[in-house]
Amino acid sequence: MISIPYILLIAFAGALLSFVIHHIAPKLRTPVALLTTVLLLYFVWALPANSLINIKIGDFILTWGTTAYGQLFGMLVAVLGFFTVLYSTDFMASKERLGYFYMNFLFVIGGMLGIVYSQDFISLFFFWEIMTWSSFMLVIYCCKDAQSIGLKYFVFSAIGAYSILIGIVLLYSSMGTLQFKNIFGHINEISTGIKISVIILMIIGFGVKSALMPLHVWAPDAYAVSPSPFTALFSGALSKMGIFGIGLVLFKLAAHTGFYSYVQYTLAWIGGITALLATFYAIAQTDAKKLLAYSSIGQLGYIIVGLAIGTPLSIAAALFLAILHAIFKSMLFMATGAVYMRTGTTNMTEVSGLIRKMPISFVTALFGIITVAGVPPLGGFAAKWMLYESLIQSGHYFLVIVIFAASTAAFLYLFRYIFSLFLGQEEKEWENVKEVPWTMQIPMILMTIFVLVIGVFPGLLLDPISSAMQYLNVKPFDYQMSVLFNNWGGKVDMQIVVRSIAAVFILLGIFITIKGYRNTRYVTTKDIHTSGEIPTENENLTYAVDFYKPFERSIAPLLKASIDKVYTLTGDIFEQAFDYLRYVYTGNGQTYAMYVVLFLAILLLFSELIFGIIL
Amino acid sequence: MSPVHFIAIPLFAAFLIPLVGKVSKNLVKLIPGIVFLYLSYVAITLFPIGIHKPIVEIIAGFKAPFGISLYYGPLAAFLTTMITLIGFVIWLYSYKFIIREPIEKYYMLFMMLITGSTGIVLTGDVFNLFVFLEITAIAAYSLTAFLRDKDGAEAAFKYLLIGSFSSTFVLLAIVLLYANVHTLNMADIATKISSVPLTTRIFILILFLMGLGIESEMFPLNGWAPDAYSQAPSPVGAVFGGIVVKASIYALMRLIYLMFEFQSVMHFLVIMGVITMLIAEMSAMRQQQIKRMLAFSSIGQMGLVIIAFGVGTEPSVRAALFQMFNHALIKSLLFFAAGYLVFHSGSKKISALDGLGHDKPITSFFFAFGALAIIGLPPFSGFWSKLYVLLSVANSGLFAAVALILFSSVVEAIYYLRVVSRLYFNTEVATDVRRTPVSGLVAMGILTLVILFVGFYPNLVLHWMTPAANELLNKAAYIKAGLFH
Amino acid sequence: MIYDKSSGKIVDIIKNYARKHSLWIVAYGTGCGAIELPPTMTSRYDAERFGIRGSATPRQADVLLITGYLAVKTLKRVIRTYEQMQDPKYVIGFGSCTINGGMYWDSYNTVKALDRYLPVDVYINGCMPRPEAVISGFIELQKLIEAGKANGAKKYKENLDWYRENQRKVIKNWKMPDYNW
Amino acid sequence: MNINWLSVLGIITTPIIAFIVGVTYGGLTRRITARIQNRYGPPSSQNLLDIIKLYSKETSIQHGVMQHLGPVFAITASITTLYFIPVIKNSVVFTNLSFNGDLIFLLYIMVFGSLGMALGAGQTGNPNAAIGVSRGLSQMVGYEIPFVLSLVAIMTQFHTTSLTDLLAVQKHFADWIIFQSPLAFIAGILAFLGMMGYAPFDVVIAPAEIASGPPSEFGGKYLALMMTSRSIFTFAKLVLFTDIFLGGASDFITLIIKTFLLYMIPVLTGIVFPRFRTEQSICFFWKWPLVFGVLAILVVVL
Amino acid sequence: MKTQNINIEKEIATEIQNTFHTAEVNIKRNKRIEVKLRNDLIPPFLSYAKNYLTFNHLAHFSCVDWIEQNEFELVYIIYSYEKGVIVLAKTRIDREKAEFVTTRHLWYQAETYERELHEMFGINFKGNDRLNEFILEDWEGIPPYRRDFDTVKYATDNFYTRPGREDAKDVRENVTKINKEEIPEFAKEYSVRSLK
């Protein structure tokens, strides 16, 4: 009963059903969608480890099967899918076209599950494309502005998908099969040129989804305009499909080739530069979702670095970060979505001081940013630690500097994010803002608990990761439930860390401040030192515009150089050229007749060239 | 049961319709439906036979190569079924869509056109091919001008102008062929063509290429197409895209595969296909009118088919046929949907479609569905055929063609999705009290279901593709069946 | 808060000692007196040796130094600044303007007698008082603190109504939040 | 459960010692500054008096929970950081938790306090506080890079990431890393200047400009906690640098001498230099310290 | 080197006189010319002085209260960097209906002067839209710089005056006369302490 086709069937049937039900019984659409995700969660969780399905289509055999690697990502998709749909129930309640929304949402989830269980390239590509177009539909869901953004997203996705397709086609033409089991491990049977092209094309293709640097331009806008529950899924799970693919390509295809080290080195540097530049761009943003979008790009850069370095520790770090990023970025996007739901904007210069109004969202965002920053008590630290240790120990000295710079600079935008939205002046405009409903709180709270637990026991997550790494033919690495080891004999026991922090914190916190806190009286944020001047109620004391101006000035050349312009220019040139080209069809019968005659003349005159015969 | 019914019944109906028209207009509307139902019955009966063993029907009692013969092989079985299916949905769609008098003329021409197309597909005789080609063409000219407005007349005239070139070239080629081989039976020609001097053969090939290239929308010869598609009524656009062009390209490929097997011809076809596709897709990018855009997209898709035929291997021919089939379905769907979108918005401009998705959700849904399908996205049928084309092209080592096909797919995606996002995601909601007729929706619904079904279960069609492709490729078998049945 | 030395608790003695030796001033530069502060703080007179230090905000400060005449407009700000300070806090009136208006005795816009509006712990006379006088005033304040007599803030709190009345008499348009302590 | 009472003793006394030393250093700094400026200067117990006074001040208002938690975060981070640094070499009492964790870990746990402080400052809603945090974080990006470069150079050279192992390497005077890897030391010490936050890198708390920046709404206990934390943290950083570059200390006197000498570098620099703007200090850190750091790594690698 | 024209005041005065026939032009002293004009001629004159005579610096703009004539005298002090000459353009306006036109379009700094005059004299400058609260806060009653405003009375009415000041007899008389208020006990302590 529990097998992969059922999972896909549930996803797609649920999708269509929620669309149909939207038009028949609008109240049932959300329960249907929710039920679908719950079923998916159960099915994915209970999926036996060795299920394998073959389906014959034409000449091809589509193979679907579970691997530890796929199951890792599958679980991630299912969990996030459930959380985001649960989050949507209230978030989207007032929106229109919900049937459309849930249909595409479940299509995305189904597509992603299809990808992770694919055991051949055709079905991988098949589900990849399903995921792509349904996510495109969700990107353009919101508003008119989203159209061109969605189109940009789709064009980049199509370029990515088609470069994967060219890779697939190349593989097929040289190997005659597209089954993973026939290709992985036999990659050296084909010529080097094709091997290189396949690997480069596939990395480009998967890199588009994981927003590698020159191909990232779609991401900030697409993340910013798509509805928040989907943004959480988008950044959390969908971008991980790119990572999933790159992992496959790197360890299953490229690892056996002679040029593996070059691929690794190039990819690692691309990842590092992606991390750094994306972080810098994130600092300059004023829209919270765009900021998080750039942050996602940066985090994906780390993951790519980890994968590309290729030591067991770094791969573990990358996969760990991949899973964790899905969680914490969803947390942040959900918190942002909560703010958006209550205030109607995500512009950080407009919203401020929501902490007392939305404590749960604030705590979620706080834990989120601490995890992103990689500060010890939470899960992010383990990932960062493993990544740096592996980088230093594998001799990537300058790369470690680049990503450390990125990681330090990340504090800037993280603080700006939480400060602008939740801290700072409590403005009169947001006086009546309330906390979001419980359906939205539950996913946030659960994920907050998750990052806490993972912070203390990274081993919980490293167990599935190490079995996934086994599938990827990577050597195992040492870890215990709460202890991380590096190759030089160093170790960090997270339990000791957390215990000591907690002990000091509780001692000081309880004995010094709780008493003080009780004795103090809350004063509004207007009652601050303003050199004696009395701010009026409507006076805006928020410091939110040009938050990091000095820093932006220091990195101005980097911010100015925008790859986006290059793409826009290319697009414009093409479009203009196409516009000229269409005047080939003049609409004039005489011209068409002339074309016919000319074509005949060409055929006759150049027949030697064309047919090899002189007429 | 005989394949001749495919030709005779529509022809008969075509003559019957004006007579019935004197009695009742409503009856006129029903006649094509009856015809198609009957044809489907014929198709269902003949299909299982024809797909395994060709049925050769001799008309007028003379044996091949002297008599007129019909050849109902797997390919013809496949194409006639397709024409019947498309014809049926077009009739269903036209039922409420064509409200302009004279209705009986429309249906008469439509029946003539069906006669011509099935004739092209079924005939085993070059001259009959020409005759049927002319029948199709003349019906098509008239249908183009059916709305009897200025633009329609202009488009029809252009079509006529270029079409007369086509007739001339084909006739000239047939004459030249007959002068050299003294036979008109295609199987016979195939056996005797090798005795003809190479230069003459090339010349004949060029003439065929010119003549049938015009009808099958090859690049410099397809000037008529955008105008004809966009100015004719929407079902006629579907007729062109789904029936006329498919029949013509069948004829071209049949002749080329039968008579000429130079490698260079094949390469030339690939090049022409690529050029056709690229220029058409690029031109479609900035079109202002939705039907004109669809026309260019149609041309582009035909380029894709020509590429696949040009590669000339068994998988590629199969892919080409599959692509033809899918294109006929999807493009008909798109024309249908576009027809009602234009009808509701009151303008042919794409910019007038803003927000129609809210007002007319179902029609818009069909358009969006068709757009996704024709771009080649899973899980729609277009995905598989495009994938097959790509894989087969790549298997012949033509990676440049693969890249260009994918490039044009990106362009295609851009202009289709632009329309889709305009439909759904613009806030201005136009309201049109007129409702989309049920018959139109049913027609589109049938196509949608077929597309989705084939998308999830491509084996259904792929299963028949192999014998069909083999028929086209296996010259000896055709000769054997055609001459010595 | 206990200001009294007489409680005799050692904790209080230590606290008062620390308070005495750590006076952070929020220098509200109202009038010309502010110009006397730089020499007071820098090398020539070096008030830092008594633990006197400038602080940036009223939240951190102990001493409010009114350096000169107070316009009505300024008084409003001064009151706010004073009320933002945390207990224990002291006010030093600086120069004759704060005592009786000085040369602005008949000005239409200058308050005379600062102690009507804020509880002044120490006045420093002079126009302007020289840095020696300033330091002497601070030492006076330190003595008061050590003796537990510098309880202006307490008085202010206890007699808030009287102060408020005076303040509102001068400040026509009272737009400030009321700190009810 | 057997409790090692010596460890407990260490855990209790280490922060106290750190506080006392840090506070005294702070007072001494003010005195030294005064002497250099030809002043008499406050007594060296001045900082202690200030802190006692601040603790004794009434704290009657607050702007929210984070304002409370900010200083607590800061002091927690300071004390925890101290626990993970070996204060006295091979001492049973003062080893604390230094067997666990390594340099990367320390880098991150050091940030914890700043994060808490920044959050606390943010909650107060004072724009000056936000400006201060913005400046501080920007400047942090500046100095962290050369600092990490120097750490990477050292970690690579000695093939360890553990501070205890680094201490074990520097047994004799000549083995000190300052001599073994002088370039890394230069990069590290320049970064250290920024880390300590004295002039010319004190744009974060610029009192006359942005009203002391982040702590501008903190008074009384909040400020006292922050100053305590700062004292402990200063000591922790000094011990960390001593352990990394100066071979650690096997007794208290050595520790005091070494840390004091180290401490004088930013103090004396601060006295004679005016303040840098944020972008100036970032540019400074990305110029010479960066070059030295890269050179240090290159020397190790080649 | 630029030669110093010693008769420059005369030249300018003549030029002004020739342009504005009704103006009363006096050379007060070296490099200082006084021009008295009808109030409707002030804007054209200033514009003329600025654009043709290069007086492009408005050094000051103030007002004199001629309460006896029931008039305000407005004084524009303008300066030419090229000629090194100061021109005082004076005009009289009605005191009861104190209104004049703005010169903000000529010199932007005139806005600040006008705000001050508006607040202190109650002159309304048409065309200046920033005549809001400037220096005084919540001022009610007669503008304080008008001569009919009794500042001592205002001060004694509004502000508590401390007794004492033996060194200044005239002041003391006033002070002792007006001080009738009771001082509460606790407040007396501070007053006494500071005065001793």
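A, B, C, D and E are the chain letters, set down in written order, and residue numbers restart from 1 in every chain.
Keep in mind that, in the parts below, a contact is a pair of C-beta atoms (placed from the backbone, for glycine too) under 8 Å apart; a residue touches a chain by one contact, two chains touch by 3 or more.
As the structure is a computational prediction, the values presented were derived from the model and not from experiment.
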| item | value |
| --- | --- |
| Contacts common to subunit C and subunit D (chain labels) | A |
| Chain separated most widely from subunit E, comparing mean CA positions | B |
| Pair exhibiting more inter-chain C-beta contacts, A-B or A-C | A-B |
| Chain closest to the assembly centre - both centres taken as Cα means | A |
| Distance between chain centroids, defined by C-alpha means - subunit B, subunit D (Å) | 79 |
| Where subunit A and subunit E are represented by their mean Cα positions, the distance between them in whole Å | 68 |
| Centre distance in Å when subunit A and subunit C are each reduced to the mean of their C-alpha atoms | 58 |
| Whole-Å separation of chain centres (CA-atom averages), subunit B against subunit C | 96 |
| Junction residues of subunit A - those touching two or more other chains | 526-527, 529, 531 |
| Where subunit C touches two or more other chains at once, by residue number | 57-59, 76 |
| Residue list for subunit D, restricted to those that touch at least two other chains | 59-61, 211, 216-217 |
| In contact (per the touch rule at the top): chain pairs | A-B, A-C, A-D, C-D, C-E |
| Touching residues on subunit C, where the partner in the complex is subunit E | 72-73, 76, 93, 99-101, 105-113, 115-116, 119-123, 125, 152, 155, 159, 162, 166, 169-173 |
| In the complex, subunit D residues that touch subunit C | 30, 34, 37-43, 46, 49-50, 52-54, 56-61, 207-208, 211-212, 215-220, 223 |
| Footprint of subunit A on subunit C - complex, ascending | 28, 57-59, 76-78, 80-81, 84, 175-177 |
| Complex contacts: residues of subunit D adjacent to subunit A | 59-66, 68-69, 71-73, 75-76, 79-80, 83-84, 97, 100-102, 104-105, 108-109, 111-112, 115, 118-119, 122-128, 130-131, 133-135, 137-138, 140-141, 144-145, 148-149, 152-153, 155-156, 159-162, 165, 211, 216-217, 221, 225, 277-279, 282-283, 286, 293-294, 297, 301 |
| Touching residues (chain side subunit B, partner subunit A) in the complex | 154, 157-158, 161-162, 165, 198-199, 202-203, 205-206, 209-210, 214, 220-221, 223-224, 226-227, 262, 264-265, 268, 279, 282-287, 296, 315, 372, 377-379, 383-384, 387-388, 390-391, 394-395, 397, 399, 402-403, 406, 409-411, 413-414, 417-418, 421-422, 424-427, 458-459, 462 |
